[in-house]
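Data block below; observations after.
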Amino acid sequence: MEPAAVQYDFLRWIVLSPLISCCVIALLGRKLPRVVTGTLASASVGLSFVFGLLGFLQLKSLSGHGEGEAVFLADSLYRWISVGGLTADVAFMLDRLSAVMVLVVAGVSCIIHVYSMGYMAHDKSYWRYFSYLNLFVFFMLLLVSADNLVLMFVGWEGVGLCSYLLIGFWFEDMEKAYAGKKAFVVNRIGDFGFLLAILLIFWNLGTVSFGGIFAQAPRVLTAGSGLATAIALLLFLGATGKSAQLPLYVWLPDAMAGPTPVSALIHAATMVTAGVYMIVRLNVLYLLSPQAMAVVAAVGALTAIYAATIGLVQDDIKKVLAYSTISQLGYMFLAVGVGAFSAGIFHLMTHAFFKALLFLGAGSVIHAMSGKQDIQEMGGLKGKLPATYWTFLAATLAISGIPPLSGFFSKDEILWSAFSSPHGHWAFWLIGWLAAGLTAFYMFRLLFLTFFGTSRADEHTRQHIHESPSLMTVPLAILAVLAVVGGFVGMPEALGGANSFHHWLAPVLASENGTLNAEAAGHFPEAVEYLMIALSVVVGLCGIGAAWWVYINRPGTAEKMADSVPLGYGLLKNKYYVDEIYNIFIVQPVKLTSIYILWKLFDAGIIDGLVNLSGRTVRGLGRVAARLENGYTQAYAITFILGVALLLGALLW
Amino acid sequence: MTELSQSNILNWIVFLPLAGALLLFLLPGGSRAVLRWSALLVSTATFVVSLGLLCGFQTGEAGMQFVILKPWIESWGISYHVGIDGISLFLVLLTTFLSPVVVLSTWSAVKEKVKTFMILLLVLECGMLGAFVALDMVLFYLYWEVMLLPMYLLIGVWGHERRIYAAVKFILYTVAGSLLMLVGFIYLFWLGKQSLGYYTTDLLELYRVVVPYQAQFWLFLSFALAFAIKVPMFPFHTWLPDAHVEAPTAGSVILAAILLKMGTYGFIRFAMPLFPNASLAFTPLVMSLAVIGIIYGALVAMVQPDLKKLVAYSSVSHLGFVMLGLYSLTASGVVGGIYQMLNHGISTGALFLIVGLLYERRHTRLIDQFGGLSSRLPIFAFFFMIATLSSIGLPGLNGFVGEFLILLGTFGSAHPGYVYFAASGVILSAVYMLWMFRRVMFGPLENPENKNLTDLNLREILVMLPVTVMMFWMGLFPGAFLSRIEPSVQQFISQYHQKAAVAVQARAEEDRLAKTVEFSTLKEPAVSHE
Amino acid sequence: MAEQILFYLFAVIAIISALSAVTRKNPVVSAVWLVSCMCSLAVIYVLLEAYFLAAVQVIVYAGAVLMLFVFVIMLLNLRTGIIGQFRNLGLKFMGLVLTVIILRQFYTAFKGTSLILGNAGGLEPGFGEARAVGELLFTRYVYPLELISILLLVAIVGALVLAGKESS
Amino acid sequence: MISLHQLLLLSAVLFVIGIAGFITRRNIIIMFMSVELMLNAANLALISFANHSGSMDAQLIALFVMALAAAEVAVGLAIIITVFRNKQTVNVDELNILKW
């Protein structure tokens, strides 16, 4: 079914409005009063949300008649690069998938902008923060609505740049600047894979625009062929870099050095989901190589359980949330890996809501605790921060997968398709299921330690604990509503829902997949699905119960458990020493070899040595020749005679 | 427009700086201001005239434009033959664009002997422009030598501590290479007589000379060595860090931005088209040296304590990319290579200007002397950030377009394997640049001397503004540049393969005729995707 | 036959006087030996029908040049003792070895000439006498003559300038 | 008749003696005399060839050589005198300023 392009000139404004406001703030920010800067920034993001909504409605009305016929809105600004066979122009495309993404990104960003106006009120470079934030939203929207891979790569690296700028926002502190650099470099390693994939795609399919790729791919790439797998795996390498999956996740926990709204926006809701969006956008390629999809699913599942284990013991409130983000992203990749693309995007949406809410809640807790982030020093905030507490509770329930909140529907959809889909496997389901339990445990551990029990904070901070201003609590409330209500849009048929989210995305995803879930459902009797749903609820409740038992009922048990298995606890506490391992096996060797072997020995030693050697040999020869001129006239005479002797010898010989 | 292309605008562009130098010579050396303003005036005038070049340039036209052909020494067939095509157009513009910026940047840097400094700068500019437009081998060689002397004096006289060593090393390295080229050229000149029947040093006619195989091997070696030293390619690069560290700011900006391009320009204008078969045979070697250059340059740059040495090694890495692009022999690769030459000129020129600004304030280039400058010098931090991002090839800025096209072209070439290593250069460049940026700009402001640093004044902003604007313009709207470069590149590639094929047939006949002589089997020239 | 004997006699005298001229400690004695060597050569010139030259040899060399030598030796009143001690002996010994080698080379070079005897074709009358020399001198060799005269003038002026009155 | 071979041998021997004298002796005067000796050896060879070939030219050249020798001695001795006046020595080993 050849997708039809409908010209729609408002698309450019979705992307350009944050850019314009970023430039305005960057140039005039210093002089504008804070309120004006804040509102301008939030308004620009709101504007792009409105245009996104317009685009969404336009799409809905256009495709209202033919269910299968996939329509997308197109808008092209100008021709960027056209050399040889490659033509990459600055063009935007809004189909059903990117419409959802634009709405999620723009919506959550707008809410977080409003929140940051409150959170960053006292920061001295207020305007620089908002210009970076707007720049980030511009690049993210560019990434999501790009019409070709190259422009998407621009957005891809652009968000990497903004996360570098925002993580290292308080650059006076060397630690934070280091975290920013680490994030950019690890992202760059991912981009290396993405770049190679673009090259492979261009030289084999002859085009970089998505339309061209979808048309060419089935014809050129044979299913399961080495090339298709190579392309898919390289793309996945890019995705792991950006979405912090197993090998390249190390930058996300350190990225918490940035301001909390930044962590909420970039490292929970938007940037980290770019990897998932990219794979879903190129699902045609992935369906052509089952091996790659198996790898994606495996890595996703492993990351989910791995990050969940580390999350159990972290004491920094933001680190716990960071590891839970990595684990939830693992779920999304698991969903995408088993072919349930729409489930992946659905979880992405719901995760954006409740994880942003968790981060903002954590932000207001830190705000209240005047900057302290260690949950061991918190406790008993339930009474003092009612709004934060209730919204935080809603989000925790959602993430633990307790019905009827959104987390339950999206996570359950993933677990079910992990079990039922042809690409899926019961092992994936089991890992996912265990990780769900762990998630419930550490989330409620966090909740109990911060909000329940008696306050362990020192006297001084305890006086200053106060509820955050309404500018912060209102966004929390909005997100809480979304977190609670968001799930119904994707309620599966089994529970009587219309699962309109899945049907909304179906035409965009490869036709073969469209029939996937339906045929899979038929594959298993109705009862099995109910059992699965029940099982996932049970594991969630067990997690909560265990957390209640350990932290509320018997407060001392946590320490006892930690002492009982010191090695395990130490391992988890220091996040399996992964950073240290990377440092020892990669960073130090490279640094040492380049200092002593490449630079000192080779460059200065060998090459320069040879150059200077030639200089020294010439001077040496000069000195030897000089010894002949020793001032004795008779020595000169003898050299004459020597010459005569040689001459005669030569002549007579 | 046509009368513009007939007019001798090229003579104007090349000889205006020379006239300016003479004018400066006559001016009294007393007041520095007069000298500086007149030098600025002359270089800006050259730039304005060169803009005329841009308007008169026919975009679709692949061959030489604005050609001026006047007999010079008939008996040897030497003629004053100048002209530009898509390849050399933007290099000329880069030179004229950067010269006023460089002159402006020397106002606070160069205190003594300003008169000779300005004269040398203008003579240097004339040499460079001449070399880019010369289409006659002897004329090119003349400008090539004219270019070296001022640079040697600039490093030798106004340099820093070890300037003599660096200047001598620079001149010896380059002159050794160019002498080899001269020998090669004379042999080619003689071969030209054999095959064309008359003596000529005109480049376009020498293109038609079918050079026998064995001769091509040695000739290419001699030309390639001369240009490889200039590029600098991997084993011949050790003069670059010394020359940069010791050169004054203006000197190292010109050296990095334009003089290095002489090497790569030499490859694409002389070494490759004159000896296609040998160049094809050498492609794996050149490409692997380029890739080694990329990774080696990046790794060594990472650990440099001296800021200027770091940027110098990063130039080795960037120019490794350019060579990779040129030798990929695909349209996008070569166009990317040429575009990357321009990008490197702009971004590394900007980086050296920035290092110069730092040096003027603190008189040191050691990275650990700085730290936390960003809070003291916000405007400086902005320019430094943009230059760093452009040099690591962030999309949206100029570096990315060049690097992306090169990687694309190399992937489509006969040796796609090199892309995987070259692409790692993308990561390494991010590592060393950002590591340096963090150590210099971020972190707490401990060093007492940094406490009272003053931010950029208006003049310094005027110096940095043009290059920064160019970075954005070349990154966001490369279409104008690429469309003008591509036709000449397409012609270059088709002529290249044509001539290679002709030489192969010629050799095949030789084989049949001289049954006894066994020629070394040369890899059949792989016809690439283009 | 008499010529043969005369030749051998004077050759031997020449060699001995040359050897002693070179080896005597006292410069005056070696000067005198040199005079005897010059005269014996003059006699040999006579045997070779170079009568005018024999005369010139005696007058110029024996008479003028060596007298000049003795005069200078007297002027500088050199005594045998003031010569410094021997230095870089090895270099000088190597020089001697070289000289012997060259002698041997001369010997091998002239081997071939042993067959040729003197004035095979008979000399014209008046060969070697002053008239023939003067005649030739002022016809074919007039330019060299003028040049030599200038040279001699230059030499005289030079000697005067160099060794004239004591410079301050 | 005196054979050319013997004549040339005699001139060779005289020449070699001159060289030996020039190299070994440390007194400038003696060295100077050895040079004269070498010149005479050359004259002898010239005249023996003149006699042998029958043409007078060689003799004239010998004449010129003698004139030249005279000029040379004049200038040489003048130099020796100035050297002695400045350095109070005629030992050639001490006159080694002209060295690297």
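In this document, chain identifiers A, B, C and D correspond to the written order of the chains, with residue numbering beginning at 1 in each.
One rule holds in what follows: contacts are C-beta pairs under 8 Å (C-beta built on N, C-alpha and C of every residue); 3 or more make two chains touch, one makes a residue touch a chain.
In UniProt terms the chains read A = NADH-quinone oxidoreductase subunit L; B = NADH dehydrogenase; C = NADH-quinone oxidoreductase subunit J.
These numbers come from a predicted model, not from an experiment.
Undergrad: Among the chains, which is located farthest from chain C on the basis of C-alpha centroids?
TA: A
Undergrad: CA centre of chain B versus CA centre of chain C: separation in Å?
TA: About 73 Å separates the centre of chain B from that of chain C.
Undergrad: Could you give the separation in Å between the centres of chain A and chain D, each centre being the mean of its C-alpha atoms?
TA: Distance between chain centres: 100 Å.
Undergrad: In whole angstrom, what separates the CA-based centres of chain C and chain D?
TA: That gives a centre separation of 6 Å.
Undergrad: Nearest whole angstrom, what separates the Cα centre of chain A from the Cα centre of chain B?
TA: That pair's centroid distance is 39 Å.
Undergrad: Hey, what residues on chain D touch two or more of the other chains?
TA: Only 19, 23, 93 qualify.
Undergrad: Multi-chain contacts in chain A: which residues touch at least two other chains?
TA: 632, 634, 637-638, 641
Undergrad: Two or more other chains in contact with one residue: find those residues in chain B.
TA: Touching at least two other chains: none.
Undergrad: Tell me, which pairs of chains are in touch?
TA: The complete list of chain pairs in contact reads A-B, A-C, A-D, C-D.
Undergrad: Once bound in the complex, which stretches of chain A touch chain D?
TA: 626-627, 629-634, 637-638, 641
Undergrad: Can you check the complex and tell me which residues of chain D touch chain A?
TA: Interface residues on the chain D side: 19, 22-23, 92-93, 95-100.
Undergrad: Please output the residues of chain D touching chain C within their complex, sorted ascending.
TA: It comes out as residues 1-10, 12-21, 23-27, 29-30, 32-34, 36-37, 40, 43-44, 47-48, 50-52, 54, 56-57, 59-60, 62-64, 66-75, 77-82, 84-85, 89-91, 93-94.
Undergrad: Contact residues on chain B for chain A in the complex?
TA: So the residues of chain B touching chain A come out as 169, 173, 235, 237-239, 296, 299-300, 302-304, 330-332, 335-336, 372, 374-375, 389, 394-396, 400-401, 404-405, 407-409, 411-412, 416, 419-420, 423-424, 426-427, 430-431, 434-435, 438, 441-445, 476-479, 482-483, 486, 529-530.
Undergrad: Give every residue of chain A touching chain B within the complex, in rising order.
TA: Residue list for chain A touching chain B: 78-86, 150, 153-154, 156-158, 161, 164, 168, 171-174, 177-178, 180-181, 184-185, 188-189, 191-192, 195-196, 199-200, 202-203, 590-591, 593-595, 598-599, 603, 607-608, 611.
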